[in-house]
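For clarity, chains are labelled A, B, C and D in written order, and residue numbers in each chain start from 1.
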């Protein structure tokens, strides 16, 4: 059974709600899940999990500063996340508002750590995007991301 | 008065409709506009315009092959598009379906030609995105893109 | 033992040389490898392989048109590549010449197919980049990409 | 005469050295230049300049957290940077190490502010990239970025 870390930063509460849904999806797939804020996460913790899923609001087409600070500080563990599984999601105020680039910026950082990521041929391909508060479509996408990531992490361990 | 080339490729007709709206917005701003299919465009034609706006459906997160072929073939005019104005738009089947990356791929190619591009602080920041057929929001975004691009091209000439 | 498809398009021969090195790396890791040109590849063939690795020269920061045509045409198999492994590499004329965006455009298309990709914490993180003809550094990166991709595909089957 | 703000964050000193070269290029083109650290910059200051050029080391394929914090905080001036000129540069430890995505992440944030950016058909197309300490090629690219940005800002005012 894989253990999965779901971390997020959130001001309006939309990304936090997405994080809970992702977390719930991973748990229902049998994973042992820890859900917490990025601001309360030390990069060393990433070593303890088979998969890490990161959520951020879309701020000017990129993840919020606390997410970047986590990656900046993670350099001291460079190479130690090789082969772990990663995924990302974002909330945004607009369609076309930079949500894809936000998710991809997180995924690219995970690739640079040598991590494994997976797209989804249905719905939000790079990762779930919520325009404002999560609706039923986003809820399903978030639960599915949790499930898929847990299953991929299971396969890799 | 700037002259503006609006080129597009379209299968379902959604991108074509967006192209007509963009074109109309540029004309209303006083530009002399040519609207045509990418497939009927020789890269040499780009030299004749102050601005080029390119529309493509989102195919696997990127512009359709005919758009890429135009850029591949444009290498023989490399350096001659320096300082011209560029812009892009896309239609897509899904939110989060790769529409931002499609637009950005076109804009990045324009940057490599030394072209000038501009975002929009309101609405679809990188360029208009239509989820399926253009609705009233997309219509406004497309007209606005035409207007802004014509005005920027005017300023540059 | 995984079977791996390595496909490329090449004009100068640099991407072709990279493809041979990637192919060799995958074979040495025990994979059953098919090496061919993108132009000679039907998208249906992607269904037959556990992993697909795609190489393209960097043309205006994006893959060449034949690579995009393969993805455009692959839509008829949408959903059937879920869970397969993907990777990409590129040759370019310049550092900072758009080679990262070329590789990422390919990887993003793979994600939209629901495929699994992996970065590398050492060297060219998203995939090997050759500035002009492959040197010894690029040779090592290409072999390593073949090896890693074959091993990941093995794990997934 | 345009006034140009060059801001950077730097640990090793490489990005700082690039910033000085960019600044020098803009001054030689006649601009009134302010050079300072991102950490010492309030987002309100961006309103006072015709152009802003931002430099960051490449940290996991993205700008360092202080650069993102500046953008996060800039939301209170959203819309007020419309039509201003932007540019970016980065230093990195590797070719293919995420330097293009770092520069593009900054440029995308500028587009979301409605700013105007320009590529370069020669050399580092999206913005100067230094692999470790700036060499003679990077020095020329940095000076050129300063010059081009100052001239574009001049034209826009």
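Here, contacts are C-beta pairs under 8 Å (C-beta built on N, C-alpha and C of every residue); 3 or more make two chains touch, one makes a residue touch a chain.
None of the values given here were measured: they were computed from a predicted structure.
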Maximum centroid distance from chain D, chain identifier (CA atoms): C
Chain pair, C-D or B-D, that carries the greater number of C-beta contacts: B-D
Gap in Å, rounded to a whole number, between the CA centres of chain D and chain A: 29
Chain C and chain D: spacing of chain centres that average the CA atoms, whole Å: 32
Distance from the mean Cα position of chain D to that of chain B, given in whole angstrom: 25
Junction residues of chain B, two or more chains touched: 61, 97-98, 101, 104, 108, 111-113, 125-126
Residues of chain D defined as touching chain B within the complex: 78-79, 81-83, 104, 108, 110-122, 125-126, 152, 155-156
Chain A contact footprint on chain D (complex, rising order): 59-66, 68-69, 71-72, 74-75, 97-98, 101, 105, 108-109, 111-113
Complex contacts: residues of chain A adjacent to chain B: 61, 94-101, 103-104, 123-129, 131
